[in-house]
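Letters A, B, C, D, E and F mark the chains as written, and numbering starts fresh at 1 in each.
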């Protein structure tokens, strides 16, 4: 990679400091307070025995997610969606993305007729909130499944998780591909991409958008390469957090 | 490409029949009723002189889009979002995608302080509604800009459109990458991708999702190649429609 | 009648050109794209075996309707009701009118425990959208009932339709009663009336409103006479459309 | 008329006892608690100097109405529309009807740039709530206009009311036309009609609906005759109430 | 008490004139139109055999309340909550308060699996609407329980009401504690308190708020003493109303 | 006090451990993450120069608050109010309480035409969330005012805060008055009271509710005494937090 240095001193292929406080919540069956630099997301997993009516009797479980931001998570205050009386398009979009990302590594048959709802609430935002949410949600999910196993709701040897999953943002700034954009970088990026990758290195989701100039295949390839490497590091952070007792 | 034949007899790299009825609406400043096979989308562009308050006085225009489906556009009836009292996540997501795709080829300074709202209403759905919507919306947009020029709201030589834009879906079915999925194919696809490409062949948006197994780089490349070729054909259809007087 | 000529060259007792594209929708059990001059309404009938909970076990079916307009069906764009988060009074009123008009010619016992929802979506508006909707909805309804009969949900000889039904607007302009008002006429009318009449010529609904000066009995009688004659012609158009195979 | 006697002993062409408590409200600029038998509606008129933005500077006033029912106005309790979060179609329809009826007798130029909002809240319902509301609303409106005149907002000699207006329901029960239906009659009526008539005896609104069998011209004429006579009596009640100091 | 005289001539420890029209509603199982001076609240109790799903099978009944104001109950008109599409915080708060107050004197086991919904609609407001509502609601509740007993839904000797309950406002104006504030007093009060007391003189609810300067223990004690005495008088009014046949 | 010991070993007049992480948020002008035992509330204060339109030009500022809970703050998950599309009564009630409590110690004239919005988001709940919110909100408010002073929006010597304010819950369990109830205590309490007290020891708000048996004056006095003492300790915690640089 290049010698470009970023505002916070990182190299272009370097993640911000990652911390994962596993088990942050006293109530949830699984939880993690994850930070990617100044971005802090509280992820809680709520395990319920049983499934929504439309899934009853199929021998399968269900995993879904909801994403939201506290009103002052950002630099200036945003009105609450509860008070506006409706959930915005961005919130919906990210909630759906997190749910799809997690379901990609869940074997719903092995999970059995159980439901896990993951809440990802951004306490503080500094770019990459959706990717931090996915990465932390996986840790909360893993713990919730083990909680269900301990309670006898999930089969003793059922392999409900078939892989791990993490996510990172990448983007092109001043023509240069970079990993894990902070907010000040994100607003300047010509192209912005979120990449969701399994522990084995396969793609679950690739969402690239030209915010400024359209991009070509070569740029796309460079972004994908950065993102896959970043997700590899995040996978290692997840493993370390889950290995701690 | 391969010799695989699809349910409707197409080869894997073949679009469904495309028709564009330009100027379908008697009232809108630009309009197109586009069909991709059984998918029919009515795209209307509403031109208003002036911009939303937050943009006033910046010398720039605004282009936005709204997508919706008639309740019986699909095989079974869906409740109206107006009656449910809220717009669903999928609708929001697609409206935002269409808006971004169009803005990628608009020079808002050249457009001047004018607003264009594109409505994309799916009259009949058979897969690929968002990509048909983007492709038809471009035609409606182009006509609305010319309407604004004729009325003197847009500068005589202002190059408000810097390129054309079209979109197509691609996916992997039984391990095989295919172009422009019909509904029966879409529900079986392991990976589903929507690609938005400019007339010059650059990417505006790449949204790939593993619905089943995660995908690797080789598969991603095959999908991108199919999609870029498909968008090339769509660009030619758009040009032909706009060339007709 | 008089020798007055209207903006579009019609005589005061003349309908605009009527077209009925029966079976427009590939998915709906019955459908018709109807036009009254520049007014175009897509009517689809969705047949479901079974009835809403409150009607279960009474041996009766249910027919209901929903009316809506595309945002740019009109001369200037209207915001979507889905985005406003509520259905307006006018929309509600017309949906209820269409439902009542159709139920007036349905024998719900003969229909059996089946539900038919008619969606009337105005694709383009030029006056008389509610009357065009009722007239087209009847055709869609008739086909949906036959679909249900073919599937065995409706009795082989059950006379579920006891008559046909159509509707037309009439009004007084510059003191002169006129049939089937186009938009430019509608806004000028002193009195505006919508009449729903069965194939046999009986009234289902009479809704007259003085927009300007109140009206007297003689004027009311003249309007009713025009309307009944107009509905007779519409009944013939419906029969012709339904007679085609 | 015939010798038929009704459940409450009335003849077919007889109104229920009418009472009008003018000035019921200590706060409103005009008010009336009106009863048609067991139907009791509180009508208040709120006078505001000035008009809504869309009417500013046109030298005209505005009159509008809102209708609602207390949850236990009826025989069994209905959920509040405020709690359901939306106003039902019936409520909308009636509010619009009352507003149109009142505006038919108002000269908005003579009213000047003033707004009057009439609230009609049904405290107890026993059929004919919308017609009682219109009849009582006229009294509240007349007083509010005089209040505005006394305050100098309405011109000393401005003839803001060009006529009076009242309304009554009529219907056909067991083939017999009847005036002013009570609830038990209303539910049995084959045809149900609401008639709004000016003090001079001209029609403002005629809304007839076949709830059972469609009706013919002769029946329609009989209903109109009953209704016009009934409105004449109501006009006299209004005059008497307004004559009292 | 002191010799201070109030705007309406009352002494500081004197209630406004109280009237209770028991059985005002022809439909409700219990009802009372109560007035505290110019404040008039219509309280209706709707009795339903059975309980909400979450309470089924526990052998207990349920009592709940909803409070609302007519739009022109107040000096200037307030928009309807049904039209705003949401119930305001103040409305919610008072509804909850009334429900708690009533449940404090109900033995839900003795009530049996029956539900009573109390609607308190303010027809005219002049301060103290929530306390008038509680006081009138108790009368409606008592009658609804007797209705249920007569119908056999409540046990013949079941003591479903274990005490009576009433409420009154108190406040400090110009340093002086006063009972039952009228609107003009309420807006001037430094401290405002609502007290809910049982027939035996025990507290169910004490809600004191410093609108101006914070208050001390001595002031609090004075307010409580006034309030308990006022509730004693209200209890006597309730008894008198319920004693009348 | 007595020798009763509570589930967590506290004496009846003992607070749970209190921590205040002042300045938790990188973005807000004032913030505090406060904990009362297992209850954790993030309080952020957003300072804006200027006031809402209705207050413009009066030379006064405005302070308001919004309270909410994360969906899994509690033992079992609650649906989000944003998704339900409305804010519940409890949420409204508490938001209003916090706002009133803070405004009781603010001199809005000294604050000048500035607005401070306090968001209190419960990250984890274990009883007493509203009292923790008020206590933490005061710290955030104090810092936001100092931020405004440093920026020149608040006068150099303006005494915008006239006192401090804190809050605590008290209740009667098994006949015994206790301070600062944890969730397991709260659900068992016969009487539940929230007390808001200024730094000088005066009452701002007293809200006592009999959840079980009504309470008498002696019990009320015991609760008030406990609460005032508890608020004194909380005031000291606030001072200590604000004293740290």
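Note that in this section a contact is a pair of C-beta atoms (placed from the backbone, for glycine too) under 8 Å apart; a residue touches a chain by one contact, two chains touch by 3 or more.
By chain, UniProt protein names: A, B, C, D, E, F = Ribonuclease PH.
All of these numbers come straight from a predicted model, not from anything done at the bench.
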(message) Keeping to the contact definition above, tell me which chains border both chain D (Ribonuclease PH) and chain E (Ribonuclease PH).
(response) none
(request) Could you tell me which chains make contact with chain C (Ribonuclease PH) and chain E (Ribonuclease PH) both? (result) D
(request) Using residue numbers, check each pair in A-F, C-D or A-B against D-E and return the one sharing over half of the contact pairs. (result) A-F
(request) Mind checking the centre-to-centre distance between chain C (Ribonuclease PH) and chain F (Ribonuclease PH)? Centres are C-alpha means, answer in whole Å. (result) 59
(message) With centres defined as the mean C-alpha position, give me the chain A (Ribonuclease PH)-chain E (Ribonuclease PH) separation in Å.
(response) 51
(request) Check each residue of chain D (Ribonuclease PH) and list the ones that touch at least two other chains. (result) 85-87
(message) Could you list, by residue number, the parts of chain D (Ribonuclease PH) that touch chain C (Ribonuclease PH) in their complex?
(response) 86-90, 92-93, 95-96, 100, 104, 163, 193, 198, 200, 202-210, 213-217, 220, 224
(request) Flag every residue of chain B (Ribonuclease PH) that touches chain C (Ribonuclease PH) in the complex, lowest number first. (result) 25-28, 31, 38, 42, 44, 46, 48, 66, 68, 70-77, 80-87, 91, 117, 119, 121, 123-124, 126
